[in-house]
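This structure is in structure tokens; I'll ask about it shortly.
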Amino acid sequence: MNERSQKQISSEKKIGIRSLYLGLLLGGLLVFFLLNLMLGSVDIPFKEIITILSGGKTNHFAWQKIIINIRIPRALTAILAGSALSVGGLQMQTFFRNPLAGPSVLGITSGASLGVAIVMLAAGTITSIFAIQQLSALGSWIIIGAASLGSAAVLLLILLISLKVRDNVTLLIIGLMIGNITIAMVSIWQYFSQPEQIRDYLIWTFGSLGGVPLNRLWILAIVVLVGGIIAIGMSKSLNGLLLGENYARSMGISVSSSRIWIIVSTSLLAGSVTAFCGPIGFVGIAVPHLTRSLLGTNDHRVLIPGTFLMGAILMLACDIVAQVPGSSTTLPISAITSLVGSPVVIWVIIKRKNLQASFS
Amino acid sequence: MISRRYFYPFLNLYTCFWTVIFSFGTVACQSSSHEQQSHQTTKSISFPEQVHAEYAKGFRITYHKNYKLLEVLNPFQNQADTLRYALIPRDLIGNVNVRDARPIPIPIQSMIATSTTHVGVAEMLNASDIIKGMVGAKYVYNSNIRQKLDQGEIASFPMGAFNKEEALNMQPDLLMISGGQASQFDNYKILIDAGINVLVNSEWLETTPLGKAEWVKVLGALLNREKLANQKFSAVAKRYKKLKSSVNDIQQKPLVITNMPYKGAWFVPGGGSYNATILRDAGADYPWSESKDTGGMRKDFEVVYRIGLKADVWINPGDAKTKEDLLAKDSRFKDFKPFKTGEIYNNNRRMSPSGGNDFWESGVVHPERILADLIKIFHPDVIPDHQFYYYRKVK
Amino acid sequence: MIKQTIISTHDLEIGFPTRGARKSKKVVASEINVALQKGQVVCLLGPNGSGKSTLIRTLSGLHSPLKGSIFLSGKNLSQFSIRQTARKISTVLTDRVTIGNLSVYELVSFGRSPYTGWFGSLTPKDNEIIEWAIESTGIKPFIDRDVMHLSDGERQKVMIARALAQDTSSILLDEPTAHLDLPNRVEIIRLLRKLAHETKKGILLSTHELDLALKAADNLWLINMEGEVFTGTPEDLVLDGTFESVFEQDSFDFDRTTGSFTLHQPTKEIIYLFGDEVAVFWTRRALEREGYRVSQSNGTSLQIEAVHRNGRFEWTLVNDHEEFICTSVGALISRVQKIRQSVDMEG
């Protein structure tokens, strides 16, 4: 009897601690969100920010414009991008039972890069046509459309292959090779392009959180939301997959349909972020490890929401660094995520001696 | 262990998260919507001085009661995906509503320039003091602007990702952009949504030298300085045409190659491009004149090399200043005929200490100077008294 | 009696279908007609590579049969959904579970998957069953430990607890005692027997532990290299020679008397051994190891009597007219060898 109540207490304690951590993460998210709004190239006092956020009147028209048109969309983009890439990475790590997997292992992000390369690097003056169209009322969707098409094409290819290939390791390798093929095709395209076009494409590859205006942000939000909902729905399957495909099946989890949903979810999450923001690396690999470390569990029912929040926080933090507050230069976000994230993962690995077992 | 007791609090947290996101989104959305007014106007303004595009294909200006309509056309497509700007006098702004056109209050008093070409255009109309921000400060030639940049009177914007916050903080009347920077167009779009007037100066798409230069009229319309713009441009056009006709009938055309190779590829201007046109107008024999390409063409090193062996003149060899520079890049150049005869000319005569080249700055609005230089290179006896302006011999 | 059958097969053929590099299907075993009853512990035995794992995986639905059918409570297995199958059959496999960051309790609770909703939330009833599974397998002491930090024996018990939590009428285990030391092996088998007896679950396990299987199984399924499956009580299969034939190898035989494989060939003479049961049993092993044959009837030149006196063992060795007393087996062996040497020398 005593033992039983003891057991109950300890599991309740766990639930309590986990809720506490999630609450802390949510709080951290709000803090970093506000920090992100506060820091930028132009100095805007905190009081003004609060006034503007609450919809009050302000004398500083320019500041209001900056907060509303630039900083808020950018911060929201950071939240969406960070959370989407992280949950995508988490699913890939569990699915392939590989601690170094990220959302790009299936080649989805490379497919997006290929689509964009075709548009930006095409020979001659085609870019000029698209350039003009970008600014007109109708045609500002060229790059996003091309990136989405590229991701979708690779996604379809991977799904078809996954129906034929049973073994996950094979699927992983095929995904990586498809990624390499698209990168090679982009290189060939670059080879035939003018230097200005190459430089322009290069800037795209640095990634940017600031290029998504509010009226396009809602599309990204919806796609990320759908991808996230699918991921949460996969929590039970992902948990089962932790033990391997055979055990998962023996416990009633349909591995073949789980595969499809997991691939679709990851593609939506990673493909949409790449289409809107360009390739941003590393976040998808690092954040799941950080979250596992913090929450101390591999239970995806807790891990997925935790990863959402942690990913958003990390991206907001990286964005703050990328803004180089106080100066007018900005650094490319993709480089910052790698710089900030790598030491963090090294620290996590050192703390936990056994990486292979500790990740999942 | 994970019981329903736990699931609902978690669900609350998740809902919280998305509510936070969407609520910020909606508040921001509402704040940024533009208001539209349409009142009856009592005042009526007409514009005595007008500019029109004769050579340029990329823009069209029409004059109406109380406003000027500037359309930036895409010269390469039949249906116009045009950008429309309504240039409205300051005191009438808000009272005049032009359908499908972005209102710009004129005359503009402040501008952010993103290319040194814009500096050249402004300088021609004596309006370089309206430049309050500049991208690519180190490429500026104009000493006045350079000084102001050094002193901080003009804000220097970093190249690469455009700093939107600084631009918004400055609230300029106009942000002028040009060039194929497709990667930045998202940023510009955001600024447009935030109320900044972004003007696409697509002079870079023009294929004729006069068409390019004529874009000065666009700035003229923006500044209410049409008279000056017409004056300046007519002078340029007149001189250009005179120079052109002076070499028109000459049969003996020197063979010319241009540019420098890079890693086995040699980019040369296409036959329909600005560069090829001006070479033809200067009476030179350009090997790829027949091609219809309006941009650059990628040729193999050997293809151009073969021509270089027997060409009469080599112009624009990258940034080379001396023959040693050329040999350092590739020793095979010594076999070129122009190398042996010394007929190599580069457009870097007017350079600023930090590497700014006036050829790109004022050269765009003064094609007659470039033409004169080129004629002096190809047919020196036609204009014996002319002194090189942009070009110099590579010794 | 049919109501007692949980799993049965009809002319089942298992193996690997033509795929990829395989030009024709590979049949591992065919015409299998077996049945697993409630409350039964069945051991699946066979030489290496005979197809034990394949049979277990096919019966649990992880592998498709080549021909024939499997019946679950009378209904064809192919008509069950994955989830329904999971409510009837649980498995413990040889797959290595390499994950970490998961507590033992959490892992056991995964066993409730076939019953929980889309999110996997547990009801109080689920928790009860999990508690029961934990109690039955005795893993309560390390319930909160990370599964990464378990010993092999502990991990095996945890996986069995998980299968128990799945609350199925049958449990299939593939080599559950491999990599375990003897005490753990015994414990697992005891646990399985207890479960079968108390919960009336049908338990099928494949193993290499012939001794343990012969003792612990209510029923044996023997599978030989030719792909034939024989069933019956262990003793019947031994007595009618099936057991031997399945495991027939060139170099050693199965001794029906002792129920174990003879390791040694007798090369020397017969010795008459009698006396205390325990002492005789162990003395015999030593003598056979030396190559002697042991007889239960008198008439040999060497005779040994083993006695248990005052808490100690004593051996009396009689050789023709000589008599020796030894107080340890080792001493006895030396004495026997000395006698033999002198016999050789003499003649």
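Each chain gets a letter, A, B and C, in the order it is written, and its residues are counted from 1.
Definition applied: a contact is a pair of C-beta atoms (placed from the backbone, for glycine too) under 8 Å apart; a residue touches a chain by one contact, two chains touch by 3 or more.
Everything quoted here is computed from the prediction, not taken from an experiment.
Visitor: Does A-C or A-B have more contacting C-beta pairs?
Guide: Between the chain pairs A-C and A-B, A-B carries more contacts.
Visitor: Closest chain to the overall C-alpha centroid, by per-chain C-alpha centroid: which is it?
Guide: A
Visitor: Centroid of subunit B to centroid of subunit C, CA atoms only: how many Å?
Guide: A distance of 85 Å separates the two centres.
Visitor: Between subunit A and subunit C, what distance separates the C-alpha centroids? Give it in angstrom.
Guide: 51
Visitor: Distance-wise, how many Å sit between the C-alpha centres of subunit A and subunit B, to the nearest whole number?
Guide: The mean C-alpha positions of subunit A and subunit B differ by 37 Å.
Visitor: Which subunit C residues sit where two or more other chains touch them?
Guide: If we look for residues of subunit C contacting two or more partner chains, we find 105-106, 119-120.
Visitor: I need the residues of subunit B touching at least two other chains; which ones are they?
Guide: 1-3, 6-7
Visitor: Touching two or more other chains, which residues of subunit A qualify?
Guide: In subunit A, residues 11, 232, 299, 301 touch at least two other chains, as defined above.
Visitor: In their shared complex, at which residues does subunit A touch subunit C?
Guide: Listed in rising order, the residues of subunit A that touch subunit C are 3-4, 7, 10-11, 97, 232-233, 235-236, 239-240, 242-244, 246-247, 249-254, 292, 296-299, 301, 354, 356-360.
Visitor: Using the touch rule from the top, collect the residues of subunit A that touch subunit B in their complex.
Guide: 11, 14-15, 18-19, 22-23, 26, 29-30, 33, 40-42, 53, 55, 61-66, 68-73, 76, 79-80, 119-120, 123-125, 127-140, 143, 192, 194-197, 200-201, 203-204, 206, 208, 210-215, 217-218, 221, 225, 232, 299, 301-302, 305, 308-309, 328-330, 332
Visitor: Which residues of subunit B touch subunit A once you look at their complex with the stated criterion?
Guide: For subunit B paired with subunit A, touching residues are 1-3, 5-7, 9-10, 13-14, 16-18, 20-22, 24-25, 27-29, 31-32, 72, 74, 76-77, 81-83, 100, 155-158, 160-161, 163-166, 168-171, 179-195, 198, 200, 202, 204-205, 262, 267, 270, 293-296, 298.
Visitor: What does subunit C use to touch subunit A in their complex?
Guide: Those residues of subunit C that touch subunit A are 57, 60-62, 82-87, 89-91, 93, 95, 97-103, 105-107, 110-111, 113-114, 116, 118-120, 131, 140, 143-144, 148, 166.
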